[in-house]
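These are the structures in question, set out in turn.
Each of the next two complexes has subunit A plus one more chain, namely subunit B in the first and subunit C in the second.
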Partner chain A sequence: MAQTLEIESRGGKAGTPLLEVQNLVMHYGTKEGDVSAVEDVTFTLNNGEAIGLVGESGCGKTSIALTLLRLLPDNSVVKSGDVRLDGESLIGLDEEQMRRRRWRDISMVFQGAMNSWNPVYRIGDQIREALRLHWPETLTYQEETERIAALFELVGLNPATMERYPHEFSGGMRQRAVIAMALSCNPKVIIADEPTTALDVIVQDQILRELKKIQKELGMSIIYISHDIAVIAEVTERMGVMYAGKLVELGSTIEVFHRPKHPYSYLLLKSTPSITGPRRKLAPLEGEPPNLIEPPSGCRFHPRCPFATQQCIDEDPPLTTVGEGHSVACWHWQEVPEIGGLQK
Partner chain B sequence: MVKYIAKRFGQIFILFYVFLALLFLLLDLQPGDISQQFVGNPNIPPEAKVIMVRQLGLDQPKIVQLGHHLWNYSFGMDMGVSWSSYPREVADILFTALPRTVFLFLTATVLSFWLGFYTGKLVAWRRGTVVEKSVMVTSIFFWTVFYPWFAILMLWFFASQLGWFPIGKFITVETWIGSPFSADSVFILMLTSIAAVTLVYGILRLVIDRSTDDPRSRQNLHRIALWSLIAVATVFWAFNSRRTYAMDILWHTVVPVLTLTLVNFAGTTLLTRSSMLETLREDYILTARAKGVPESTIRDRHAARNAMLPVTTSLVLQLAVVIAGGVITEQIFSWPGLGRALLGAITAEDIPVAMGALALIGVLSLLAHLVADITYAFLDPRIRVQG
Partner chain C sequence: MTEPMTDIAAKTTPLVKVENLRKLYPVSKNIFREAHDFVHAVDDINFEIAPGESLGLVGESGCGKSTTGRMLTKLTDATSGQILLDDKGELIDIAHIQRSDMRRFRRRVQMIFQDPFESLNPRRTVYDTVAESLTVQRIGRVQEREERVAELLHRVGLTPPESFLFRYPHELSGGQRQRVAIARALVIDPTFVVADEPTSMLDVSIRISIMDLMLKLADEFNVSYLYITHDLAVARYMCDRIAVMYLGKIVEIAPTEELLANPRHPYTRALLSAVPVPDPAYKRERVDIKGGISKALNPPPVCRFIERCPRATDQCRTSDHPGFDDLGNGHLVACYNL
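Showing the complex of A and B:
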């Protein structure tokens, strides 16, 4: 019985690699041509670690999340690269094997709101569905209910509310319940795709703290995906910055926030106000994200980059290591000035 | 939930009186009035006319007449006497015809809903295939076909060309000569057994749901309950001396039910398909996929369950049209139901019967709406709370 109530991460020893994304290239086929949505992305999620992916809308963050779970629409093609979970390739699995991995190994916290819950079933029963599908041994109805109650308590919900329907929950409660559902089968990895975007700032803060607390307590490995760098700053240890389908900078969150090496990260931070930090003039990021059917030659950021030279137009900069665990894809990373970071 | 149903009941009750009053007004607005038509016979002296007008209450103010009309139709339980088949009471004529109509249209509606929903669901799931396209073309044909022509075509094909089924009517007279049972008593017994099976099954379901919480054993018990009830009913009829007669009635229902089903099922298919395509785009479908729910379960439990809501709404609206459209169906299939009673009464200028038939058709539509509202509340938890 105690076994069924244990909520934990099934990942391995902390600090060892868990999920490896290697040179992932994913395109969407459209009538106008191939959209290069994810281009040569490489990163590793270690056990017990929280990492973040940040970038503008349409930069490929969500496409990466959906590739990890293999939930992409029919017109998408993984051109090359691999996704490995505990050393096992997920790209090579057949559909049925992959279906068994979903939620059991990798679960997902979707963007809150009404929409990730089916309106006609009770919240508790929707979590029960996940347990029925993936819990290794068959639980009795009573055991399932106990486990759902334990999950509800963990995320700060009253267990009695599991009998309610989604429309009877507030936005924040729904989001907490989504987290409870993500934890239901003791996954190895949780992907949190814009976990707080639809919520107001107060609730957003509560939910993020709750997530961070759970992540630390359970030693859970989480990938946060957000367009909001403040969210990423609050909950992650390492982060990657994405631009137009490419990972342009990867490093510890503190390092990237204080000493960004990619001009895009730098401009992104400059355009974000800091509430507690020193008052500074905001610099809006000029221009628009490129069309990914015909991406710019060389470095994809060059049309908007103040540091761009002829080399940037001609050659694509590789991701190079510039410090401890800090790598950047830019020819001119040394010219990017330091900023004070986004203090919390 | 109880409050919701009570509220709907109240609304239906008020609507019923509004409807009766409208019927009365409609009749009153007809050019000429009943007194002229009924009393206009030159062989009747004017004094007799005056007496008749007084006897019929036509000299009273309109509002008093309306009051009488409303009272007689509800608490008075009196729909008057037929003029064309004189001493017979209107209620007697109509309540003989009513079960036949209800049976015909209820069977066709249930069948077409089930069939249409199932087809629509599968077709939406296999979007872009040849199967989808051919089902779409067929559905659009049935949906747009001129119904009376199609009904006659069906009769011609199945009854006249193939000779498998009778050409309309309710019973084969030859079979029933010397029968110890009246056709209506056999028919009522058939309806009673269907209603009994449905009712007992409903009660058993409630009992089962109270006794166990586990959906898996619930589902199994539901199935056992349903099949054993059907078995009981089958055995009952197999050893009943009314069997042959019941089969004869059943045989007569095939072509009309098939025709109605085909026409209605097309609409349900088309609607289910588009509704399903919309629900498939919802975020909770992606959640279900991410949860590793098998595809067939996503289709049935997540997408189709939600796609059902708008289809149910349309079914209600369709039901009223179907009942009113009974006039055409029953005329073509010589089915002695409410629609035919109405048409006969209008042709014979039998105003009491026509009024009664119209009122009854109205009541049926109101009840259909009530049933659909309640079903909808069961299907969608969001409706329940709003009350």
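Showing the complex of A and C:
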């Protein structure tokens, strides 16, 4: 196979910053008022790294993904902040410049993407179309076919099945093909938003293992977005916890799971049932997530937080470093108890 | 399956006893022609539930767990088999119940659905929704009904009840709606509730409070649940025993901790090994199986799992679907190669 057809990540040297999100603020305008969906979020994705964003529905994790790809609805406004890919700001690009970067530089695997295949075209031909639109050089039909076959093999599909139509694929096969398509143009970053949420547990496990293997082999940089902290535990090295539009904790996955410093992360972990470890009483999180048109004053978590004091109502805690690569936005992070791992 | 059921539940009189229950869906190519092909959605299943006990029914989508729940609540008619329900010491077969007895049956059995956005009528207030079964069952006078509804709202945590009585579903959050659905199910004091994925649409933080509420109310109302879920961790939290379903068959039943610690059926093992664990330091033992779940369209009489089973032998290919082996302690497995 020609050198240009190698499947790889076009990111830079492992460990150097690739995608930088800086003080991003994004609001949706509605009739009732401005929804503060993403508020002052800062994080960096390094080359060759898999990071996770976890949080409940409405916490802003998908809004961040849509901002990175600039696929936001018309009523959204990026108020301030920046998103830089390899040092280049994506926020300032016009639609045509952005269109060329999507799929080529940043590609995506969305929840339910397996249902977005066009039913009347063969799967292989739909990937071929992506290659024709986004691959920088013109490939011959034969070269395209070879590349699609290689992609299929990489994601665990039989290359002969590229001639099939979407209805001939099972849900898991369709999601694998979506991953093949996301890899088709050697992107620098893949954003995987709930990539396995609609799948059954055995298929989910197979797909996550495949993604993890590909990420390691190609040195791909991936942002996983999920509401399921167990999925984040499986596939990421670093993670961010979001609550009500804010990034409240950022750290290595193992640190956040074993020694969470934000009360919300702690309660989220404590309220997740598991089939391993001793059967434990789960701690419910009282109350419901706030209305983001009028978010609570100070720390947005204070109405539900067992550690809250007057300071939390008055002042918004900044994200502060509490350990190596571990930062948290809480006035009372020192009071949050350690969790440790699940005992076998 | 001819062996007698030797369940722990069998030591007391069961509340619900399901015998050889089947549901076949005809698939016909032409509307004028009689169907010759059938999807075996639920195929010859047997289980019992003791009074006050919660049984979890787990499996992947399409395995027949929801169809089972719908047959137990008579939302779907069984093709054959019996569903025996204890009604004041007398076992009545609700699979073949008379229309005229339906109201009496509904008083004993209720259901909680998955999606609280769809299961509540958007044009009825909370009071209308919860009071409806009281009206249908002709229980109490208007004032008593109002008191009963208020009491239920209080017990499901919608307090103060007065502020919820006349609200419409669109004014409630997902968690509050599910609380209304729970109040509606329990208002007439049923003995048995089928809960079909009642928390899978809810966020993690809301999920635990709804699960805790259901556990608390199970005690207070002395009600048994058939808890249908795809999430084994949720089943572990909610249920005394778990039944694992695969393509219309129950392949293993055991007390919850026994099933998790000592799964015997190859499908149960594969399923358990695929559940992600919320601890990055935990290394799971992998059990690989081939392929994904399909439909049981005209299945051959052999073991349903045979195509994907790592242990399949000639016996599995030539014999009928295995019956339950009793391993003691209420642990039943349907497999030839333990």
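One rule holds for everything that comes next: the second predicted complex is superposed on the first by the 333 of 344 C-alpha atoms of A that agree within 3 Å, B and C clash if a C-alpha of one lies under 4 Å from a C-alpha of the other, contacts with A are read in each partner's own complex, and residues count from 1 in each chain.
Everything below uses one rule, namely that a contact is a pair of C-beta atoms (placed from the backbone, for glycine too) under 8 Å apart; a residue touches a chain by one contact, two chains touch by 3 or more.
Note that the structure is predicted; figures quoted are calculated from it, not measured.
A.B. asks: Kindly say whether there is room for both subunit B and subunit C on subunit A in the superposition, answering fit or clash.
C.D. replies: fit
A.B. asks: Between subunit B (first) and subunit C (second), which does A:I7 come into contact with in this model arrangement: first, second, both, or neither?
C.D. replies: A:I7 sits against neither subunit B nor subunit C.
A.B. asks: Please indicate which partner A:S57 is in contact with in the superposed arrangement: first for subunit B, second for subunit C, both, or neither.
C.D. replies: In the superposed model, A:S57 contacts subunit C only, not subunit B.
A.B. asks: Check the residue A:C305 against both partner chains and state whether it touches subunit B (first), subunit C (second), both, or neither.
C.D. replies: Neither: A:C305 stays clear of subunit B and subunit C.
A.B. asks: Could you say whether A:L18 touches subunit B, subunit C, both of them, or neither, answering first, second, both or neither?
C.D. replies: Neither: A:L18 stays clear of subunit B and subunit C.
A.B. asks: According to the stated criteria, A:V83 is in contact with first (subunit B), second (subunit C), both, or neither; which is it?
C.D. replies: After superposition on chain A, A:V83 lies in contact with neither partner.
A.B. asks: In the overlay, answer first, second, both or neither for which of subunit B and subunit C A:I148 touches.
C.D. replies: neither
A.B. asks: Tell me which touches more residues of subunit A here: subunit C or subunit B.
C.D. replies: Greater contact footprint in residues on subunit A: C.
A.B. asks: Is A:I190 touching anything from subunit B or subunit C once the two structures are fitted on A? First, second, both or neither.
C.D. replies: neither
A.B. asks: Report for A:I229: first if it touches subunit B alone, second if subunit C alone, otherwise both or neither.
C.D. replies: After superposition on chain A, A:I229 lies in contact with subunit C alone.
A.B. asks: State the minimum pairwise Cα distance, in Å, between subunit B and subunit C in the overlaid complexes.
C.D. replies: After superposing on chain A, subunit B and subunit C come no closer than 8 Å at C-alpha.
A.B. asks: Residues on subunit A in contact with subunit B in one complex and with subunit C in the other?
C.D. replies: none
A.B. asks: Hey, which residues of subunit A end up touching subunit B in the complex?
C.D. replies: For subunit A paired with subunit B, touching residues are 69, 71, 99-104, 107-108, 110-111, 113, 115-120, 129-130, 133-134, 140-141, 165, 167-168, 181.
A.B. asks: Can you check the complex and tell me which residues of subunit C touch subunit A?
C.D. replies: Residues 60-61, 173, 175, 203-209, 211-212, 230-234, 236-237, 257, 260, 270-282, 289, 292-294 of subunit C touch subunit A in their complex.
A.B. asks: Along subunit B, where are the residues that touch subunit A in the complex?
C.D. replies: Subunit B reaches subunit A through residues 213-214, 282-284, 286-294, 302, 305-306, 379-382, 385.
A.B. asks: Within the complex, which stretch of subunit A touches subunit C?
C.D. replies: 56-57, 170-172, 200-206, 208, 227-231, 233-234, 253-254, 257-258, 267-269, 271-277, 279, 282-286, 288-289, 341-342, 344
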